[in-house]
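Same chain, two partners: chain A is paired with chain B first, then with chain C.
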Partner chain A sequence: MAEDTLPELAQGTPTPDGPMMARPVRPAVTLRSFWGNRSRPEGTGTGIVIVGAWGALVLGSALYRSDFLSHQTLLAVTFTMAIVGVLSVGQALVAISGAILDLSVPTALILPSWAIVSLLGQGINIFLVILAALAVGGAWGLFNALIIVFGKINPIIVTLGTNFAGAAMLNILFENAQTPISSGLAKWGQGKFLGLPNIFWPMLLVVALAGYFVPRSRVGRHMIAVGGSSQAARARGISLRKTRFAVFVISGMLSGVAALLFTASDLYFIPNDGSNFLLPTLATIIVAGIALSGGAGNLWLVLLSVGFISTVTTALAFYGLSDVWQQPPPGAILMIAVSIDGYRRIRSRR
Partner chain B sequence: MSKLTTRWVRGTLAAAAIVPLMALALVPMNVGAVAAAASAKPFKVCMGTGGQGLNWQTGQGQVLQSIAHKEGWSSVVLSNNNSATTTVNNVEVFIQDGCNAVVEFNPASPGDVPAMQAKFAAAKIPVITFDVPEPGAYFVGIDNLKAGIEGGQMLGKIIKSKWACNLDLLIASHAHGAGTVDTQRTGGMITGVLDECPTIPQSKIVNDEGGGQVSVALPAGRNVLAADPTAKRIAVVGINDSTVVGTIEAAEQLGRSADIIGWGQDGSLVTGANVDPHLLGSVFYFLEGYPEAALPLLKEIAAGHAPPVKDDTHNNPEVLLQPCPVTAAQARNVPGYSARLQKLMQSAAGTTEYALFCPNK
Partner chain C sequence: MTLSSEGVIGAQSPASARQGWGRFTELAGGAVGSIGITLVVVVIVGLTWVGGSFFSKGNMTIIGQAAAVPLLVGTFSGFALLAGVVDLSIGSNAGFCAVVFAYLAAHGWGGWQAAGVVLIVSLAVGTVNAVALVGFGANPIAATLGMLTVLRGLAYVVCYGSAGGIPKLIPGLYSFTNREAGPLPLIFVLVLLFVVGATVVAMRSRVGRHVRAVGGDEVAALRAGISVTRVRSAVLLLSAFGAGLGGILWEGQLGGATNLLGTGLEFQVYAALMIGGYSILRGGVGNPAGGAMGLLVVAGVTDIIDVKAVNTYYTNVIIGILLVLVVFLDRLRGGDSFE
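== the complex of A and B ==
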């Protein structure tokens, strides 16, 4: 079907891009504000709230336990930030482009991870391993995009389904996998640079690149435009299909990057391990104020968000709470963030 | 001649009448013989495996089928797929398929157990459960408390000789979802360490949630270690090797690997060429070999002499498997999973892996 023959989205007709696009057209001011035609950057308020909450948490924890402000805490937090941060950038791109969420993150992480350790076990050069990780991650994203675009199915349904299929495939492929302890990747994963974990810096680079280029590059602007209003984007000559493909392939490649960090720092894994990263990733983008309705969000805030959430889990260990009581607070943060996102959406429709 | 002919005809007719009558009289006997042949069909043992993607769960099904083959039984093995729905559906399949005994490893649907057991009871099918006790079923499982205590005692001896019991931090990495198994196994390890080093104060013992996975234990371990930045002499125990290794990896990431030692459970990460040097030992259960331990019970059921099910299946199991604590050095001589499975299936029915492979019998 040619894109210009797609049904009108504002009328609520099913579309190749799913029901999340079947909503009223947004005023173009959203796009303009994202591109910087406004003095205050997108998400400034959210950023201030996160920094305030983060600062209060650090201050409160330091007052309660002075040893909270130690290099050990910094290491614990930054190690936790690395993998979730990279996955969250991919998830944020999906959300900004109007595809709401990618629920296949667990498979997207473990599939390239399995490829990495398999190739390392065969003595393949690390640079080829890195390329393979990116390729496998990208291929997974392409697989999702093919079903979404040509099957004309809601991305959430597709990625939920492919994640189940992927989990089954992973269970067939392997039962447990190990990064060789003596490998360069394992040694790099335990190493530090400028006092912070080596695996932290690629995450920082990914956030910086995404934060800078998404509002400025052609592909990035197309993602925002399609997420904001597919109808308006199409009227501007933007290909919905190409944009959808680009988003999922880039997100998949970021999963490949996350897989490199994962296999470098977590040397023993099983097919189900990826599921531990889905909720933190969702919490990170929701707290960062990335609009699940698409078209808005500041990727720099992902850094603040993942830092704040990672600090919460570390700080809880300082309060002497039973390990059982350390689990509800991150869930509560997610619930509060989802509520705020819902409130924000209702307010934006008025 | 005519009289003879008439007699011959009459005799022939009479014989013709008698033969079918005799044949008819024999029919019930033949039917009975067929029925007897049908009732002599082989004993059928069926199993629902866990389906959690763990190799030993698949292995349990393979070992059960191997035993059935050796005993001349037929067997059916289905995966419960770690799903309550699948587990319940499998019960129906086992009943309709005429299984004479069912073995269950059912980690997914504790809430459905009463209904499942009621169906099995109505169909008069005895049930054996592995590791997860179910009322009304024979329970076969490892002695988790003994496994924990023995592993803890071996680590405690090392703590005593290495640090004279002056421990700064004892991390216990739990998997609370495992319920009593976690309490007995991880709690047993703490008890075992304290048996050897009773001077370690409770304030030095920190519990965290490792979820039974490296990927969960790793961040949890980082947080616990960060919260005790001055601890130098650190020991780790946990519900399995994964949680212990995850915590050890956390110490390595925080630059404190020289300070940490650990002892695992289940032996999953203590064999092979990629063993973490700070994992000093583990406790083998040889999970894949459980069906061999259940064989005497299955034989009694097959012979029609099923023993009564014990009331308190949890603390008084029908078959209690012996744990096998090993140092990492000893574990190097224990074959890996595939080799163990192959040798077990080649051995005579009833041979246990404990007898074959445990170096500390």
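== the complex of A and C ==
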């Protein structure tokens, strides 16, 4: 926070009631003001830190095992990034808009996945299946939003409850599901484009669209305003209800997109597979510096952050750690990232 | 400034002034009242749907055995909720502790020594939680979800060499956990006594007042000279310690431990505690007795579903709906509303 405001001060931004600022101050040309000119994008510092950590990780792994720097690793990392990346954008929108966290990610992913697989099994046209996936995902978001908005209940509790009930319902509805291997979706999911997995590209598109439109579009700016201060947003005539509905429906539709990538790449799944995706989305948005207190965050950083976290899990295999060691490191990263997030908040308050 | 702090301190004292009938109606109308009514409903449903055998000795033993550990773990972590922090790592912590206990016992350690080491491990987990949450001000839900994953992963690591589970029956502990006191299992009775003690500590003692003050209004508690840091760290250690204790008892009951033990316990416990009048988002509300009733409601629903041989996943569907419903009712009564 403090860092972000410094360049503005150096340029002598006029403050109405500051006697010291009565006459315009000629900006002192420092490196910071030079670089910080013309509104440095939000979260540049966080981005540099992620890139640094990522670089160190890649360098360290490459020194330890020279075969780490291979096309195979790149494929594995980008493959892992796809589903988590799309889900994280949805989670990020929830956090930015002040709804804190959506704990219903597992159900939000598996419900549309099940719909996709069922429809594909009946030989329905893929375009209709895609529409259905978005509709089912959006409907789940709408369901959560209805309870949050009309019940005026905190989203964490609502999504805790709906996920608890929803995951159980999924287990009642089906035991396991399989994407038809001959379907176009399954073939597309195994394919590559420009040397990277096909499922990577929709994720890139989702992050790009969100990164571009959230700070620029009307609804996106409303989300940021509501997350910053719901009272202030309301005073400015922004409808809290409409914004909450928009956030959860968009986030739900994104989980529909993630479900398409999931069913295209994981041809066989069980209802409980969704629970593997909650923690990575939280870790991703927190490492990306998206404040859990709402109102701040740069969605482009989701791309760096999900890349870093996917590289960690991929790199573990190269350190000779068996599969059982896959779980603790992401958990530890989440704890450390949340601690840094908390520390920053305390420091900025002082 | 002085006015507001006096106001807050003043607001706490009338509770003890209310007595007799007024106090009774206040209790019946409050969170504890509604959970009491829910519990009665569950018992009536049990009696009409399952029949008289719902209260048979066999069924009481099943309910008591199944409810003892969640009740113990939930009562400990209820103190964390009371102080305004939530510890989602309790389920994994209990499972991890059970696995470590079984591992040590299977590798020639004596029961008491192994238990001592496990409790130290659980306190170490609590210390890490306290450093992250209190020292760095990390978001409790996200940070302890990280700890949950770390501990679940470590449970897999401990069980790696033994196909996901360590069978180790500890005769003394096994017979203790299976002993009976009248119509109920002994450990269930002991845990109920502990709940009574915890309720007295939480609602009537100086320590309990401090915990509730920190959860209710951090700033006011600081002004009243209570160390928020110390209280919050202490309750996180307590919560982890409860999970360790629960893990040891679990291992005793089951005669072994698997790497999946305790998965989802945290959600079940917190859903039950919230049904029982606690809140995971604001401290200072709820009490151990109400929380215990919430846990008994969940245990009762689970048992009815089991006895009727309905798909056990319906238990979670009911708990999920009950959770949202109860929080909604709490809001209608003047709880925090979210906009």
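Quick notes
Everything below uses one rule, namely that the second predicted complex is superposed on the first by the 307 of 350 C-alpha atoms of A that agree within 3 Å, B and C clash if a C-alpha of one lies under 4 Å from a C-alpha of the other, contacts with A are read in each partner's own complex, and residues count from 1 in each chain.
The rule is short, and it goes like this: contacts are C-beta pairs under 8 Å (C-beta built on N, C-alpha and C of every residue); 3 or more make two chains touch, one makes a residue touch a chain.
Being a predicted model, the structure only gives us computed values, none of them experimental.
Taken together in the superposed arrangement on chain A, chain B and chain C clash.
Of the two partners chain B and chain C, more residues of chain A are touched by C. In the overlay built on the shared chain, the residue A:S265 is in contact with chain B alone; chain C does not reach it.
Once the two complexes are laid over each other on the shared chain, residue contacts for A:P330 go to chain C alone; chain B is not touched.
Once chain A of one complex is fitted onto chain A of the other, the partner contacts of A:N125 are absent, as it touches neither chain B nor chain C. After overlaying the two complexes on the shared chain, residue contacts for A:F164 are found with chain C alone; chain B is out of touch.
Of the two partner chains placed around the shared chain by superposition, chain B and chain C are both touched by A:S322. Put simply, of the chain C stretches 60-68, 204-212 or 222-230, the part that bumps into chain B is 60-68.
Of the residues of chain A, those at positions 171, 322, 324, 326-327 touch chain B in one of the two structures and chain C in the other. Chain A meets chain B in the complex at residues 65, 67, 70-73, 75-76, 79-80, 171, 175-176, 178, 180-181, 190, 192, 197, 265-273, 276, 313-314, 316-318, 322-324, 326-327.
Chain C contributes residues 128, 131-133, 135-139, 141-143, 145-154, 156-157, 160, 267, 270-271, 274, 280-281, 311, 313-321, 323-324, 327-328, 331, 336-339 to its touches with chain A in the complex. Of all the residues in chain B, the ones that touch chain A in their complex are 52-55, 174, 176, 207-209, 211, 213-216, 218-220, 222-227, 229-230, 242, 245-246, 249, 252-255, 268-269, 272, 274, 276.
Every residue of chain A that touches chain C in the complex is listed here, in rising order: 101, 147-148, 151-158, 160-169, 171-172, 230, 240, 278-279, 282-283, 286, 292, 322, 324-328, 330-335, 338-343, 345-346.
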